[in-house]
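You will see two complexes here that share chain A, one where it goes with chain B and one where it goes with chain C.
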Partner chain A sequence: MSSLNLAALNSSTTSASEINVIIDSFIAKLKRRQIQGSYAIALETLQLLKRFISAARWSHVNELISQIRHLANRLEKAQPTAFSCGNVIRRILAILRDEIEEDNNESSASNDPQNATSSSSSTAEPLISSMFNLLQKPEQNLNNSQTKKYKTKTDFRQVAIQGIKDLIDEITNIDEGIQQIAIDLIHDHEILLTPTPDSKTVLKFLIAARERGNRTFTVLVTEGFPTNTSNAHQFAKTLAQHDIETIIIPDSAVFALMSRVGKVIIGARAVFINGGSISSTAGVSSVCECANEFKTPVFAVAGLYKLSPLYPFDQEKFVEFGGSQQILPKTSHNNGTMRLDTINPITDYIPPENINIYITNIGGFNPSFIYRIAWDNYKQVDVQLE
Partner chain B sequence: MAGKKNKSNHKNASALNGRKSDVDVDDRLQAIILTDSYETKFMPLTATKPRCLLPLANVPLIEYTLEFLAKSGVDEVYLICSSHASQIDEYIANSKWNLPWSPFKVSTVMSPEARSVGDVMRDLDNRGTITGDFVLISGDVVTNVDFSKMFEFHKKMRSKDKDHISTMCLSRANQFHRTRSLEPACFVLDKDTSRCIYYEDLPTVGSNKKSCLDIDPELLENVDDFVLRNDLIDCRIDICTPHVPPIFQENFDYQTLRSDFVKGVISSDLLGKHIYAYITDEYAVRVESWQTYDTISQDFIGRWCYPLVLDSNMQEDQTYSYDSRHIYKEKDVVLAQSCKIGRNTAIGSGTKIGEATVIENCIIGRNCQIGENIKLSNSFIWDNSVINNNCTIEHSIIATGSEIGQNVTINDGCIIGFDVIIDSDMNIPKGTKISSTPVKYISGGLFDSNLSEDDESDYSDKIEDTEAIKATGLVGYNGVGFVYESDVSDDEDDMSETLKLSNTLAYQMEELCLSDESISSRTKRVKKKRTMSTNSMYTDFEGNDSEEEEEDFEKEGFATIERAIENNHDLDTAMLELNTLRMSMDVTYHEVRTVTVLAILQRVYHFIATQTLGAKEAVQKVFGQWGLLFKRQTFDTEEYIDLMNILLDKVVDQHFEKPDLVLFGALNSLYDNDVLEEDVIYKWWDEVSDDPRYEEAKRLTARWIEWLKTADEESSSEDEDDD
Partner chain C sequence: MSESKPRDENLSSNSKGASSPVSPSINSTSTNGSTPASAASAEASEGAKDPTDKVLSNKELKEVEEKEKAAKRAAQKQASGISIEQQQQSAQLKKEKKQQQREKQLREEQKKLEKKNRKLNFKQQQQKLKSTLFGHLETTEERRATILALSSALTSPHASRITATGLMVPMVASAISGSQVYTTSSLANTIINNDNTSSSTNINTSAAATASAVSQMDTALQSSSNIPPTISNANELGKALATITLESDKQTLVPGITSILNQSTFENNPSLVSSIKELLSNKDYIHPAIQLLTSHLANYKIVGSIPRCIAMLEAFQIVIHDYQTPKGTTLSRNLTNYLSHQIDILKKARPLSVTMGNSIRWLKQEISLIDPGMNDSEAKLDLCEKIAQFAKEKIELADQLIIDNASNHIENGATIVTYGSSKVLTEMILHNVLKLKKNIKVIVVDSRPLFEGRKMADKLRENGVNVMYSLVTSLNTIFNMDVDCVFLGAHSILSNGFLYSRTGTAMIAMSANRRNIPVLVCCESLKFSQRVQLDSVTFNELADPNDLITIGYENPVEKRGNKGILLKQFIKERNEMKKHSELDNTTNHKKQQQQQQQGKSDGSKGKSGKNGVSTDNITANDSDITDKNILDGWQELPSLNIVNILYDLTPPEYIKKIITEFGALPPSSVPVILREYKGSA
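And then the complex of A and B:
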């Protein structure tokens, strides 16, 4: 009993050392891939960030920002292909930076004689000033913090935690926004093709079109060999249960059937600033290439939190590779002298020119417009976290 | 989630801090890691470093086991350290597993006197560490098995079958798989419940024995369908209930986990305990020999163990990134412009690779200096090695800190030990093992602890006195290195070339392993070797004996008893024949006893060597039936003592693998059949117990006699009470 009490006591008072324990066990879980899917990763990251911010100590808000950036950098390194983790932290950073800017504006407006000099410079070029603060050396920060301490009235801890709460709400309600659009996009007696059977968003999108819009349509589901085959079967089963006509086709039949397909609907794991995206199934790229050939529209369905401010310079680094045992049974004779390699990419990069429209929870956008939405939500300074 | 985990951690921590409440104890999952294999397969490298700290794909082997346990949700881990215990202890103390956010509490248990798994289990039972179900795992497992499924299976079977004490994890493989255990075994399983009905080690190509299974029909009672399988890789992950250590305690002759414990438990009616097998298709193997080391490294690089892959950077300071065709590079690798990095390669940070060097299928550690125009293929270069220009290295291991001069050719299957220096222009022949300090195989001891210390202390003298040992022919005049002769090549000059190579990396063996009949193992080979030495012993014996008559009697009498055993004559007939022979040749009963003991032991040996019976069963069977012969050859106390002396002598001479077990079994069975009296045994024991010659053989017997004495005392004290 005493130990239970102790545990309860510990969880209520989060000390600095304990937050380190939590962070490190979270990093270990990311490395072991014990958390699966960008949705779960985004939510868990936000929970972690909430505890981190409530436990953090800082004398100036810039210290908090650099602490968060350090954390984000460590998390990104732990699993470089889990983009949603870095995305949500960058969103919170952007919220904080907006608040600082506003705060600076306010304090200059209040015309405090003591801080007139420092605040006037920041009001002149607010964006640059925040960057200067960022690059300041720690000792300068300390000096400034003395003067700025009583200047800042805003409770940044409150702002950040409120921001996290809002973001969690947004992520958990993402399907609502997307489903609204679904009804307008799918027509009666249309044939749809989806090559990403593991996407919950696509599934809900299709079911919403069937149930709310009462549309009758046919869905072709590619098999997604080898990683997603069981997912594909489950996906097709769920669709069929919702009274949607569903056909499972092998991955190789896509080109033959494309001429009859009205729309291709794909789920995205991450959307980059150039409008390209990473999908969670290998082979989606060739499906989209194929659709492009037949001028079939490709719709990519993604929540806003999947939007990443990164640019895919090295696409190979963003693609994840899975286990070989899924391709060949492990029992096969794999002699060192034999020149047999098995390579199993489990994600795929789709270039922006093969996607026609992104359907997000805040509306539909052209791939070439994605960068605008990204800069609405992220700050340029936070793209590189190192 | 993270918070929850942390909470449970604290709970455990506080429970361990002395306030042990029973509520906590019950639901903790414990794991016992056997860091020592009690084998010498990785000699000469294991002379300076324990097997579990040897790097596999630049990560110490123990990390793979710990990683598996971390994923499994184990709460407490105990590492049993025997050889090089301090090194393991130090490693764990400085590792991430000892930090506050480690998923489990890790502690090292020193067990320096343990010489087998059985000893470890008895030690654990004495310490009382085990509180609930626990995972027994060896410290060299590489696996991605989903432990939760296995644990579920264990719990399901436990709720169905109250006698269930242990679940083994077996991984399916086809006959061509290279990681198939080199200790082939046959499992007989109940088809419905996958309860293990029978277990048997299979003979190997080296032994030239027919594989036959001798299943007691009683075992098959109540079994509808059963399957015989030899396609299973035994990866030594067991979930055991707390009943297991006491079983080892009761049966103090149990040494190995499988051939003694599993076989003993399931074929024993008295215990009535059951062992189940969990069969999985996931990747689960043990690094138990050089060949498996090679295969598992390649499999790991080839992502067969996903999600356990190199680029998930399990170690805190690792920075591997993945390129297609299975190339893994850490940060700060310097590659010359014209070097070629081929498929399945991993390169650690700080390594420099020179111009025109070609690398394929290699794992290269950190801070290695690889020169220009070098060909490296299928090799393992450990940290801080230096390889100079124009070398060719094929399918070898270059251990930490070694230096290879220019124009050196290292052929298939070589093992270059720690800090070995090889001079320029050398050619190292196939399958050579070189170490920087002289390491000798100590025959009889399957155990390599303290070996390094002994050698270290002798080293300074040796290097002056016996300069000849230094393998100048191989390492050159400026080189440092000694050839390690394994026990096999030491003792057996006529051993075929393939068998000599069988414990090396070399490729021949892998070809040999392709067929079902030809999977070889070292332990089995040892037995074969002993057949030969037995034969030679007989020749010696005959040659030494000067008296012609006696020599003749030796032959004739031996043949008589052998015939009797083989054709299953009854005792009277056998005794009659023997008596006739004795009288006609005019020899004493002493000779008759000697011959009888020899023939019976030969029979026992035959059983063990052909794998038809285990050592214990064989002794019991043969002595149970034919031990009665002694009743008619021995008549007074003196003669009984003489008989036991002969037995002790011959058992030691015969070179059994476990002389103590055979002697104990023989004496026990003679005692059970009332051939030997307690008083006689004590008298004999008083005479021989101080004799240092037979120390090894007497170990178990000593315990038996102790037991006899206490049993005696108890019964006598009871008698007194009755009075």
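And then the complex of A and C:
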């Protein structure tokens, strides 16, 4: 405890300008896509947040919260498709808010037993299951209740930093939890298909299933041309080196081979509240459609930190598009001035109806149940960070 | 330098090891001779040290040595008073001894070979495990093996010399394709001559023959292949080789090919070998036009079922034009037989397309209908005309009708999605844009590895059509745009209504169907097939898995065609051989120098060190030339496999309409058309 305090004190000496430089460089990195993969983004964001909280000055917790919200907003604007960045910050916010609530309950209970009931009812999260306060603005409620706050006893800086540490722990140990659940889902001599070769979770899970589960199975790997082909080849090679029967197939052959496939495994980059997900390879939604057509089960593996409290109203906002240079040959004869349009999405949105189950580190869930898990970890107040 | 030193030591130790089996033979010959002989051998070995003599191989060196020794011995013995007769007798004895020794060596070699074979067998077993889903289909490797074997047998020895570094193909080729017409019969003779009992020894000799042939041919080629006697010699050797390779199943068929293709392809399926043998025995019948077409088809220079069919019909016209009825038969009887030889070869390039199969069936029927009393030249002309008419009726006019019919489905301002490249669809879109002045947008979807859609997109763009080009992975985005209908081409339509077309077609049809976008198929009735099939795995065509190894937007097939893998392979093997010979030379050199004087060893080390650097440079250059891929050498990983299938099967429920020259019909009506119009197709 003391060492933690010391560290907090030490880092708190970093000036505000210094932390701003760090934030700016992180934003630049995000914009330039120098940090790839939701795992790395989540961890780096948490590190940044730790420094930010250590350096932050506030007179009341709400100030801290609004500062964090501001930071999260800036990061999210820098890279709207780096969902894990916003997710982890929202989770820290939720931890802080929980702590505030607890603190309120305690203090109000000790100070004024009569007021306690009213304050607790007003500060509590609006129940999601009821439709009555659907149109209410919960933020106002909270602000009203919190204006009449007294000095809090709890050290929120410490709470937040402890929360960040726990979250880092959780994220780094995510594969363990997923593997234990997912191994039981495949049987011996099954043919699996994975269209997301860049997912480390899928790779680790397959290797674990082979080595620990001691199952022999065949994995079909689609190429994900053009953006993910090299990843796919590396993925297949790694699997083969671990003595797993691996077959590389072109993206077009998915339908032809789907009748032989027992299960489709996809890695998600972000999971939305409706149960749909974003994958980091184009063409995954077509694969899932095929699987759906053949009634082949699709299971998505995703760590809890990939759950996003957003709703994909506008798919095009969430799907990224790449340049045309990977699609068109350099030597394409540009005779005449006739234009040639190309389209090159590099991520893909998979609707919830094409996914059968999500395997997270805390268990397997139906896509329709994902919203519950999300609200366990996030507060509705923080969905919109503006 | 510091790195090269330990390496040098290694080399020297290696060379010592290598020298040990050679030395006893020298000893055995020199024991009979007295001191001058050994002095001569020393001289000879000294002579070999000269860098100018490097060119001579070890064997030749030995021969020179032995000749010198023999001469000296003879002189000695004559001097000591032994008569010439006695000398001859003793020489005979020695010869016999040597022969025995040689036989011993051969036997050892044979054992080694067998060991190798066993190892290879083991490898095959591993490889056999590889193919999991499509083990029942013919692989491109097998097809290429057949074609290589055939083309090496058919083409001139000069051309085939490049195709294989083994230097065996030219000999086999010259032997088989040599002027002798009786080759097949001679082969048969040799096969009959070899009894089962003597087969084991036979293999022995065959191994010996191959070994000697290699060395001799090597020297012959190196000196100059222009000298006629060497060529005739090579021819004879080649003939012998050909017979050997053809008769013994244990040996590979044409040794040169194995340097390019995996040896196990031959070894693990005897049926392939036997089929190649059969083709080779019939190779005199093959018409050059067919041979050319075969290579075009095999290299994907002609793709698409209709272009393939047209090319085949044109080739048949030439074949029929050149055909002469042998005595004793009639044209209507023999021509079918003759054509079926050609078709056998065509089948080896790629499995026949349905259009090709249908037109072959029609042609055979036409031939059988020819009046036997008709003059040959007249009948031939008549047939050629009929073929032209068939092509026009079944393809050109049918396309016209299809275009007219399909144009009704395209409204002004529509957005159309197509997949890959289809001849009739390209024409149809151009007709709509250019003639009917419709303003339409075409989205061409394409896929790896053939990238056929590029051809179509380019052609449409050249003619001013509004084209969007995308890949099959972006289907979701494409169908989120405002798409009016999907037009698909076909390879074939099966009797149960399934559409058999390029891989990826089914996925597009499925996606469109799920979004309630109509899927229309344009297809000539020539493509209708009697076959039924339920999924894409049971019957399909496997393309070369290596096409998927390179990552990039370039067409790997074209890339391969441009670079010439055979030439590349040749250069690579040549370099390796060079390296080997260099290493040999350096080691020999070093060994001798060490024997001579150990004081100068430092200098020699420096030299060989330099050599090592140069070979390293070569390898570095090699790796620069052949761009690296992650999956290079995937064959070595026993559990890694690449499947590159060419077709898939679209269920009839995804297809709204099939537009043929008989009108538009649902997929369920395909058997009706097949039945009603059986006579015309």
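Here is the rule we use: the second predicted complex is superposed on the first by the 326 of 386 C-alpha atoms of A that agree within 3 Å, B and C clash if a C-alpha of one lies under 4 Å from a C-alpha of the other, contacts with A are read in each partner's own complex, and residues count from 1 in each chain.
Assume a contact is a pair of C-beta atoms (placed from the backbone, for glycine too) under 8 Å apart; a residue touches a chain by one contact, two chains touch by 3 or more.
Just so you know, these numbers come straight off a predicted model, no measurement behind them.
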**Asked** Touching A:95 in the superposition: chain B (first), chain C (second), both, neither?
**Response** neither
**Request:** Please work out whether A:342 is in contact with chain B alone, chain C alone, both, or neither, and reply first, second, both or neither.
**Result:** both
**Request:** Check whether A:271 is in contact with chain B, with chain C, with both or with neither, and answer first, second, both or neither.
**Result:** neither
**Item:** Touched partner set for A:18, first chain B, second chain C, both or neither
**Value:** first
**Request:** Look at A:248 in the shared chain and tell me whether it touches chain B only, chain C only, both, or neither; answer first, second, both or neither.
**Result:** second
**Prompt:** Where on chain A do chain B and chain C both make contact?
**Reply:** 316, 326, 329, 332-333, 335-336, 341-344
**Request:** In the complex, go through chain B and note every residue touching chain A.
**Result:** 1-3, 5-11, 14-15, 19, 21, 24, 67, 70-71, 99-101, 103, 144, 172-174, 176-178, 281-283, 294-295, 298-299, 302-307, 309, 312-314, 321-326, 343-344, 361, 378, 395, 507, 510
**Complete:** Per the touch rule above, chain A residues touching chain B in the complex are 1-4, 6-7, 10-11, 17-18, 20-26, 28-29, 31-35, 44, 47-48, 51, 77-80, 316-317, 321-326, 329-337, 341-344
**Item:** Complex contacts: residues of chain C adjacent to chain A
**Value:** 132-133, 447-449, 454, 457-458, 461-462, 464, 467-478, 480, 502-504, 506-507, 510-511, 514, 535-537, 540, 548-549, 551, 553-554, 629-631, 634, 637-645, 647-649
**Request:** Using the touch rule from the top, collect the residues of chain A that touch chain C in their complex.
**Result:** 218, 223-226, 229-230, 233-234, 236-237, 239-241, 243-257, 259-260, 281-283, 285-286, 289-290, 293, 315-316, 319, 326-329, 332-333, 335-336, 338, 340-345, 348-349
